[in-house]
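Below is one structure. I have some questions about it.
Think of it as A, B, C, D, E and F in the order they're written, each chain with its own count starting at 1.
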Amino acid sequence: MKYVDEFRAGDLAHGLAAAIAREADPAHTYNVMEFCGGHTHAIFRYGVQDLMPANLRFVHGPGCPVCVLPIGRVDNALELACDPRVTLCTYGDMMRVPATGRRSLLKAKAEGADVRMIYSTQDALRIAVENPDREVVLFAIGFETTTPPTAVVLKQAAAAGLKNFSVFCNHVLTPAAITHILESPEVREIGTVAIDGFLGPSHVSSVIGSQPYEFFAQEYQRPVVIAGFEPLDVMQATLMIIRQLNGGRHEVENQYARVVTREGNRKAQALVAEVFELRSSFEWRGLGLVPYSALRIRPQFAAFDAELRFGVETKPARDAKSCECPSILRGAKKPTDCKLFGTVCTPESPIGSCMVSSEGACAAYWTYGRFRQQTRPAARSTEAAA
Amino acid sequence: MTAHDARFVGGAIPLSGSVDMMHGSGGRATAELVQALFVRHFDNPMLRAGNDQAAFQPPAGRLVISTDGHVVSPIFFPGGDIGSLAVHGTINDVAMAGARPLYLSAAFILEQGFPLADLERIVVSMAAASRLAGVPIVTGDTKVVERGKGDGVFITTTGVGVVPEGVDVSGDKARPGDVILLNGSIGDHGIAILSKRENLAFETEIVSDSAALHGLVADMVAAVPGIRVLRDPTRGGLASTLNEVAQQSRVGLRLDEAAIPMKADVRAACELLGLDPLYIANEGKLIAICAPADADRLLAVMRAHPLGQEAAKIGEAVADDLAFVQMRTAFGGERIVDWLAGEQLPRIC
Amino acid sequence: MCLALPAEIVSIDETRETAVVALGPVKKEISIALLEEVSVGDFVLVHVGFALHRLSPEEADRTLALMREAGENPEAEFAEGSAP
Amino acid sequence: MTAHDARFVGGAIPLSGSVDMMHGSGGRATAELVQALFVRHFDNPMLRAGNDQAAFQPPAGRLVISTDGHVVSPIFFPGGDIGSLAVHGTINDVAMAGARPLYLSAAFILEQGFPLADLERIVVSMAAASRLAGVPIVTGDTKVVERGKGDGVFITTTGVGVVPEGVDVSGDKARPGDVILLNGSIGDHGIAILSKRENLAFETEIVSDSAALHGLVADMVAAVPGIRVLRDPTRGGLASTLNEVAQQSRVGLRLDEAAIPMKADVRAACELLGLDPLYIANEGKLIAICAPADADRLLAVMRAHPLGQEAAKIGEAVADDLAFVQMRTAFGGERIVDWLAGEQLPRIC
Amino acid sequence: MKYVDEFRAGDLAHGLAAAIAREADPAHTYNVMEFCGGHTHAIFRYGVQDLMPANLRFVHGPGCPVCVLPIGRVDNALELACDPRVTLCTYGDMMRVPATGRRSLLKAKAEGADVRMIYSTQDALRIAVENPDREVVLFAIGFETTTPPTAVVLKQAAAAGLKNFSVFCNHVLTPAAITHILESPEVREIGTVAIDGFLGPSHVSSVIGSQPYEFFAQEYQRPVVIAGFEPLDVMQATLMIIRQLNGGRHEVENQYARVVTREGNRKAQALVAEVFELRSSFEWRGLGLVPYSALRIRPQFAAFDAELRFGVETKPARDAKSCECPSILRGAKKPTDCKLFGTVCTPESPIGSCMVSSEGACAAYWTYGRFRQQTRPAARSTEAAA
Amino acid sequence: MCLALPAEIVSIDETRETAVVALGPVKKEISIALLEEVSVGDFVLVHVGFALHRLSPEEADRTLALMREAGENPEAEFAEGSAP
């Protein structure tokens, strides 16, 4: 596959690994947070960590759109799904996300709720057109990548005058969350979090561009390198962060220049601005309330807003007490530090947000990376060393 | 493994709640379900081996194989459940060759959302039925279908058995003059099921006759190795089973209505719903056809067995090119006893 | 997050704002409603059935070249062009 | 019988339209369906005998029995259908004991309203698969469930086979140092199925690899009777199958990602849907584990067979108390290859 | 079972058979029509015909409520069932009745229509209460026996103010049909139909009493004996007809005095009169249009009339051309005279009305009585003789 | 037509206008909304879940007696009482 396979080539990996090993200062520890689950996934699936020196540690951030949705909103989606009039459409990833009482959309479906897995927002629209007697609700989630497709379908529904289609909007914004990680009061409670640099979102940035990170890099004096999701992208961007840190710089750099520009996709941005407006605050699972970090449907499209149509009220709902996700998402703890990891909390039956999607830190750790320390006593990886 | 290791190998997936698609995915959830339910309750070395098949050294003799899917509704009914039924049904089909059943396989098709507690109850019941019968369930399979694409649980069992030397039972062996024997009252299973159907609900003390008949059959073939036909009149009832045999053997069969054992509850329920008990399902009954000279001995052996105490001669085979089943009514007239046409629906007229 | 892949446009339906893309030997219909303009032969980043952005072959080549360089020449710096 | 008689015995029930509850009633409609479809197409003496079981004289040797329920959707897919799959699936599970499959049984659970033309197409396909494999379907069963309580058709097949003298294959026999072989590319079946699912539809030339592997296995056990493990990586994919074997044998297994054959279409489709090909179902693949000394001979025999032309060594067994499956990635790193967790859903992240 | 078993006793049968044989004049043929399918069923199931002399012939009348419903009305029921809003409730007997194109409710159900088999009209009401979002339609059929239960449920629905319940009324009246058989112009086309006497309805008469047959007996000079449905009832009533004919009488007599009175069930009659009114004409399958032979829902209960609620229009629909039901129902032909009998037309796949229910003449003939002539060449029965 | 059976009333629920009837050993709840009055121990004719009419034990006995008579005494006429 062109523009895919080239960026997974093992031979180039060895060159990059050698460069990183050479350039990483043995006197320092490099804590690099990959914000995106896409990076987390690549690191574990391809074994990138094995190619890193012991003093380079990846901190797995909150960047999985499924994991960050707070329990209260998943509860809302469940309520909608259990309304006998409603056909709830959502992406496959959302099906297993645990809500209050370990319920999930998959379980609701098993109990008879009409929940449909869609591949694209267009599928939801088609289902609404084909089932005029059903209230079709798109349970819309995700970052800046999935938001424009939701905007498109909302405009199409409005143009067609569809009466039985609405959107339960849960789109969130990544720059606000990245900022929040270094700024929130919770960080102080958890303890000192040493994050030296950030791998910036790749596909999100294809829409919003690299510009939105510039304020952050300056304000918090941390390098941000927009990085592709292929393993060589991650390695090259890591090298770029090391070089910035070694050189005392804190800039926004763009490793993923083949897709990301400074300004992003203007047409998509305009569509989003037309249909959505900022929420003053929104809860992120594991992070708590984050100001100006989410979108809601504008009044012009109120007829298609499921929150209004069905009087959705989000009640506060707590995550499991022993779940260490908040600390893990900020880099203060590792998945194996959690008492529930692998016993009560597994991908088949997740407790916390980090175990939900294959991009969550706990899930990736479980699926691809656990127990290197036991099967490979030679401590090359930071997990083994920790 | 240390306690610490176990934690990394993966905690048990909770076996509470209900059947999920992941239980049929072939992944860890499937493996755990199989271990926690099937291997645990059916418990035998072949199943514990964990292979996709069971291996065994067969005894000498001809083997038989038989299979039946079980789709009963309601799943739990007076006198049994789909699990015990699935064990008995296939044991009986194997036994109807005059054979001694050796092993069973069980393939489950589960509907997403089916309560795991109900599944465990069924598995426990199967395990008990299999143990009581002395026929272990040695291999199996589990699939899960989406809600609305199944009906709780379907169980297909397959059995293998061995035919004793000198026994050759088959539906095409009835000859004019042969005697038809039945081991007890008809219609108990079907009426027990119907009594629990929504809308039809009526009160009765009838329980299903579901039972494994291989012990009875073993006594019968030991006493009369030359027994010609054995068959269990399950769905379609006595009437359909006899029509099958009549066609296979190209003989007519004549029944004596007054001789057919039937419980008062079954008669009454059939009158109430407009059903004919000759077409009602049985799950612990068999008909045997033997030479006239063997009939009394066979009847005595049947009556000596707990599952044949009410055994009776109910008719005889006659020459008839058209292979009709006919019956002298208790009233004194004659009628044809046809195949079940369509399905029996409760009727108002 | 945000699983997305570069795929080549093999045909375009202007009226429906859709295109068929090829990912290796596999073909799929997607929406191109989010792109200003797009031509057959372009590579686009596909996410949940939508093209999010065009891919620049030149930048891809340049990135690969830099990767190769880093491995070969330990001291080589990244070209200015890759900064945002 | 004269033409006039035939008229009184009952005209054929039309086999047009769709499955009706009466086809499962056990009455004349059931008997006619069985004759017109199953007996006619599967055509063999044991089935024609019309008994509720099949009897046969087994060859000398240990026997194996295996069963699988088949619930595939869509029912017809590129490269096969539920019928051929039901034949291949059970033949393969029997063959994975190193055995020669002898006979199959088939139990159908039909949903009311399922087109009879589709059913006939499936039965014809099963008959062809069974004939080509030389493994006749000798007994069966048919049940009908109400609309909304099934999914068109489910088929449970059970197979019996005989293990050649000196062969002893089992999932618990892998030893550190043993070599893991695979007979061809992974993921073809699962991707062919997914390509036809509504919503996911994509264009690919991939067809299911569904095939009967007993011929290949016969060659393999003839060349290397001491072969330790055989298993077909069906649902749950290569990853789940290897985890099963690792746990049974209490060894670690190490794969070499670059050595695992995979078609470009499968890779691309998996990327598109966010799926991992290691977890995608196969229906014509097997893994074999043998002593290192036997590996080259076994590989050569596999490559000489039409169903093993792309056979490859894909890894080895290692000592590991935790029985992990691990993989050296094509990229150069290492990862655990876990059981499939939950079920694989297409994902956006 | 008390009051059942006594009337099936074989010993009494022999006495009655002997009496009939003695009293039936060998010089005469006695053609006795049993109007009701219940009698037909008893005659075949118990083998009553075998106990009759050769010159006594039972002519099987049209008295099966399922068989007499014209195709057009079954088509209407099918249309209702296929309306996605509708849950159609009906008795099990109706499920297999063939409509145009050999469709049936059973087939519609197989194709996804929501058709429920009920045991009692109360079940339909319960389904309506439990499913307020469904339009529950009771497909009401039958003679004077099933009509009062429909009246009860209509009044209950009205009292409860149920909004989602209605009745598709097809209740018909037996006296009108009996009259019609001897009076209709079709009889002339078919040829001379010699019916010497009638076994009158048993259960219908428990509701309407024996009085309604008096005019008929006088007008057409035929004896009518109300007869129970047990085999001894049929035999005794037959003896009573023979005696009337031998004595030149043509009266209404009541063999079924344990249940039937001259006036019937006044409460039930009042309920029916309150809820229903006469139709001026209604089609009977096999008989054609019969004046004043059916009921419709009164205007006071119009809100519960499915014909009005769903704008039901009954279109003319033809029975299969070769079906001999019209002649069979009038006694002019026997089922075996029909070319389709047993080949194209069987109970599994009925063509005409007489094959539909187990009480239809063709079905009873097929199921219980066919081919005695082949297996018992000694011609004791009239079929063999004919 | 009109399948109906005599069954004995074993209990009555006045408010719901229902009764439990026994048909031999089998019991079933039916509606008695069509009957003027009915008591436990009465036999009623049950059709589609409704009692249509009471059964007269005296008439039943009389009918049986007549049947027996007809068999025994060929010339016996039916009693006047059985005419409608």
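In this section, a contact is a pair of C-beta atoms (placed from the backbone, for glycine too) under 8 Å apart; a residue touches a chain by one contact, two chains touch by 3 or more.
In this text, all values refer to a predicted model and were calculated from it rather than measured experimentally.
Chains that touch both subunit E and subunit F are the following: B. Per the C-alpha superposition, subunit B sits rotated 180 degrees relative to subunit D, a value rounded to a multiple of 5.
Counting C-beta pairs in contact, the pair that comes out ahead of the other among A-C and A-B is A-C. Centroids built from CA atoms put subunit F at 86 Å from subunit C. Inter-chain centre distance (subunit D to subunit F, centres taken as mean C-alpha positions): 62 Å. If you average the Cα atoms of subunit A and of subunit F, the two centres end up 76 Å apart.
Centre-to-centre spacing of subunit B and subunit E amounts to 38 Å, using the average Cα coordinate of each chain.
Residue positions 1-3, 5, 23-24, 47-48 of subunit C each touch two or more of the other chains.
Multi-chain contact residues of subunit A, defined as those touching 2 or more other chains: 1, 4, 14, 37-38, 64-65, 91, 119, 123, 142, 146, 346, 348, 359, 370-371, 374. For subunit B, residues that reach two or more other chains under the stated contact definition are 5, 8-10, 20-22, 27-29, 146, 148, 264, 267-268, 271, 322, 338, 341-342, 347-349. Listed in rising order, the residues of subunit F touching subunit B in the complex are 1-3, 5, 23-28, 46-48. Within the complex, the subunit C residues that touch subunit A are 1-6, 8, 23-24, 30-31, 33-36, 43, 45, 47-50, 52-57, 59-60, 62-64, 66-68, 70-72, 74, 77-78, 81-84.
The part of subunit E that touches subunit D in the complex is made up of residues 106-107, 109-112, 341-346, 348-349, 370-371, 374. Against subunit F, the residues of subunit B that register as touching in their complex are 201-205, 264-265, 267-269, 271-272, 274, 347-349. Touching subunit C in their complex are the following residues of subunit A: 1-4, 6-7, 12, 14-16, 18-19, 22-23, 36-38, 63-65, 91, 119-123, 142-143, 145-146, 148-149, 152, 201-204, 206-207, 209-211, 214, 226, 229, 232-233, 236, 239-240, 243, 251-262, 264-268, 271, 359.
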